[in-house]
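Quick one: the structure is below, questions incoming.
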Amino acid sequence: MSAVTQDTAVSTGRATRVFLYLILILFALFYLLPLYVMGVNSLKPLPEITGGNMMALPQTWTLDPWRSAWSTAQIGVEPTGLRPYFLNSILMVVPAVAISTIVGALNGYVLTKWRFRGDTWVFGLMLFSCFIPFQIILIPMAVVLGKLGLAGSVPGLILVHVVYGIGFTTLYFRNYYASFPTELIRAAQIDGAGFFRIFWRILLPVSGPIAVVSVIWQFTNIWNDFLFGVSFGGTSQPMTVALNNLVQSSTGVKEYNVHFAGAILAALPTLFVYIVAGRYFVRGLMAGSVKG
Amino acid sequence: MGFLDIRNVTKSYGQVEVLHRVDIAVEEGEFLVLVGPSGCGKSTLLNMIAGLEAITGGEIAIKDRVINGVHPSKRNIAMVFQSYALYPNMTVGQNMTFGLEMHGVPKPERDKALVSVAKLLQIDHLLDRKPGQLSGGQRQRVAMGRALVRNPDVFLFDEPLSNLDAKLRVDMRTEIKKLHHNLKTTIVYVTHDQIEAMTLSTRIAVMNKGHVQQLGTPKEIYDTPANVFVATFMGSPAMNIVPATLVIEGGRPQAAVTDAEGQVRHLRFSQPGLAAWEGKPILLGIRPEAITDPEGADRKSGNIVALRNRVTVTEPAGADTFVTMTLSGKDAIARMRADANVVAGQAFDFAVNMEKAVAFDPATEERIA
Amino acid sequence: MAATEADFRTKLQDWLPKLVLAPSFAVTLLFVYGFILFTVVLSFTGSKMLPRYDWVGFENYQKLFALPAWNTALVNIAIFATLYIVICTLIGLMLAIFLDQKIRGEGMLRPIYLYPMALSFIVTGTAWKWFLDPGIGLQRIMQQWGWESFTFTWIKDGEMALYTIVIAAVWQTSGFVMAMFLAGLRGIDNEILKAAQIDGASNWQLYRRIVIPLLRPAFLSAFVILSHLAIKSYDLVIALTGGGPGRATEMPATFMYSYTFTRNQMGIGASSAVIMLMTIAAIMVPYLYAELKEKKA
């Protein structure tokens, strides 16, 4: 969604406007509340949470919960902190995003500029795969990953995320390339450029915006995934699974401040992307929902 | 055998044949215009010459080499597209030489070709710009430049002027005509604009519903249209088509029509040989400029027939005044000099130049005289 | 010789696009449709911990619908999905309409409403889990601020825990629904609104009679996306309540996982997954079909 505002023809009175702002600000506070709670309490020593007020600012500011969450907290049975899992997530996300985006770009190119009989069906089948409940493929995937020797490994997770990500990336590039004039492709054909050359020299240089959308969408989705991580992660669990293990651990004292710090750590990469490129993030969301 | 031969070419999508047995031989240096309403198959035919659409039946040959199935880039053709199809990410210069680069032409040669074509089209100052920074007319020139640089056997134009405003369109039309005159290139040009077709072409193929209705010089097409479709499609305002009955009077065929008051009037044909149609209904075709006031009539014509009829509407258009009357229950338009003294609602003495009149069979709509 | 080579290259060019698309299509056929088939087959077998291929007919489905846990899950998903979709749509529509009134600071507010969508459900779950925890969260905050009698123990209460999931889920996605409606509002031709005002419509009538009916496509998209998210909801439940207390917040997604992987009832797990797929397909297939049809025309 672009930031274009249009003149709405609706006019409102003064009292109404005060009411509007009040509601809008109240909701802004509602959305910010959990972020505030996580932030403030991750900087407090534990007794200030258990004995004090969650909404209060820290009396003694401390970074210890962050240090603990990052490198020493008990995750499952090992006191490793979230660091190794953060690394797992990075190792998984980067190749998965790159591969699915490149494949999606090529698919979109074929489906719009080299149309063939039945292409809409091919696309429809790929598109539907974005929307299946993944529970339906959990069992066979576990079997296949086991057979391939990829169970519980980062490459296994990469494979899973690429397979179930190309539907979306194909959708993005297809819709984007659909509005790209086909005459340009024809002109390039007459000029003597072949399939890959046209893609490389003519289409790719103008694909920047949609590539950003695709990368951000895939990055957010894969980073935030829990189901595949917990099902197929094995010893290479991603960040989300580790965070859940940290929070749900039933042994010892509940270190709320460490949990909050861990939650922020898990949220930081996607939040960062959102803050830097929110415009593209929203565009990806919209493209994924309103296909028209 | 021509320079570009289109032999019995057909095109089908599945069961539907959209182009039926097209047969055209284009000579070297000819300017062939394919004209027709949208959906008539003219662009499909052009795309088949370009190799952008497969040929279902028949064959196309350039310089006696059959090019069915040959990749577009290996047919030695160049194409100017309706949207110009300039690569948005490349500069004007890169756009124009991309084809040469793809064909492995060394850079110095590319640059030489670029400079000479850019000079010819007066776009040498634009070579470092991106297409987005150009005006419509400039983009049009670049698109033509890209085609010229290739120095192909055949130039293909796909409605190249339809995205320009009216004034620029006329200028560019002249420009293209000049270019063709100077370079003597072979051109196949698609348009739906019959004026473009008339002004530019050495020959016109009028197409409708996948058939070539008539192939001929602009004058042949205009003066002796093969059928009612061609007659009404070419020319603006369109040729008047009036139902009539053929009568023979004094040994000469005449078209019997009724005027606004229901009176029968006879219009004498110049053509002989309509005897077989005596007493039968025909369609009389007269171009608006063949109906004038008596002073404005063509002095060289040997067959001016006077026709008194009531004027329905007059439409002054600056250079001409268009006058509408009722003939055999249909509106017929006359094209008068601007100062002709015509008043709506009153009777007026029209002069009909029957040398220019044609007749059609009402059943088949084919021309019979 | 040169001619045949050229022909080969031309033919290759004809085949290249299909060759490029083929791996993706094959992967989709295998990993999506092949796997679906596999799961459907398993749902008719007596598989326990590992896949087995002894045909048991509809036994798993009969067992499934006799299980109290599954019936709880169905009731829960019905309540959750209804509340989640309705509340998200209402909040989203309201915020969008309000934001569309030339609000100063719209550029600030919009990203605040939307950022939760960028977070993992696990993070959302963690934040709300502790914020709603009676021992340290909202209840205590209110009491410390002087409202001594304030109690809020939903998350520990079998009757109410489901609604805490609704709260967290609404928090996460209502901003997104707002963005969809806002895009819809901005797409409405302003002249229509002006015409309606000249016709004498009040603001309320303008929205009720003109604007909201014009937002139909946005409503449809919101409904499809939200129902799809609701049925798939797994992460949030795990992080927030873990399906508890007891079985109070069991959902089909958590049911499927626990029956398949921890209780070693793979056949029943598979049949529950099939039911989930059929539910989503019933919503998605007509929607996608209509979208693709429209595209073609």
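Which chain is which? They are A, B and C, in the order written, and residues in each are numbered from 1.
The rule we apply is simple: a residue touches a chain if its C-beta (ideal position, glycine included) is under 8 Å from a C-beta of that chain, and two chains touch if they have at least 3 such contacts.
Quick caveat: nothing in here was measured; it's all calculated off a predicted structure.
Colleague: Based on the averaged CA atom positions, which chain is farthest from subunit C?
Modeller: Chain centre farthest from subunit C's centre: B.
Colleague: Count the C-beta pairs in contact for every pair of chains, then give the pair with the highest total.
Modeller: Greatest count of contact pairs is found between chains A-C.
Colleague: Return the distance between the CA-based centres of subunit A and subunit B, expressed in whole Å.
Modeller: 57
Colleague: With centres defined as the mean C-alpha position, give me the subunit A-subunit C separation in Å.
Modeller: That gives a centre separation of 15 Å.
Colleague: Where does subunit B touch two or more other chains at once, residue-wise?
Modeller: Counting only residues that touch two or more other chains, subunit B contributes 71, 74.
Colleague: So which stretches of subunit C touch two or more other chains?
Modeller: Only 13 qualify.
Colleague: Within the complex, which stretch of subunit A touches subunit B?
Modeller: 181, 183-184, 186-193, 197, 201-202, 205-206
Colleague: For subunit B, which residues are in contact with subunit A within the complex?
Modeller: My answer: residues 47, 50-52, 71-74, 77-79, 81-83, 85-89, 98-99, 102-103, 146, 150.
Colleague: Touching residues of subunit C toward subunit B in the complex: what are they?
Modeller: These residues of subunit C touch subunit B: 6-7, 9-10, 13.
Colleague: Using the touch definition from the top, list the residues of subunit B that touch subunit C in their complex.
Modeller: Of all residues in subunit B, those touching subunit C are 69-71, 74.
Colleague: Across the complex, what residues on subunit C touch subunit A?
Modeller: Residues in contact with subunit A: 13, 16-18, 20-21, 23-25, 27-29, 31-36, 38-39, 42, 51, 91, 94-95, 98-103, 106-107, 109, 111-131, 135-137, 140-141, 144-145, 171, 175-176, 179-180, 182-183, 186, 190, 193-194, 196-197, 203, 206, 217-218, 221-222, 224-225, 228, 231-232, 234-235, 238-239, 242, 252-253, 256-257, 260-261, 266, 269-270, 272-274, 276-277, 280-281, 284-285, 288-289, 291-292, 294-296.
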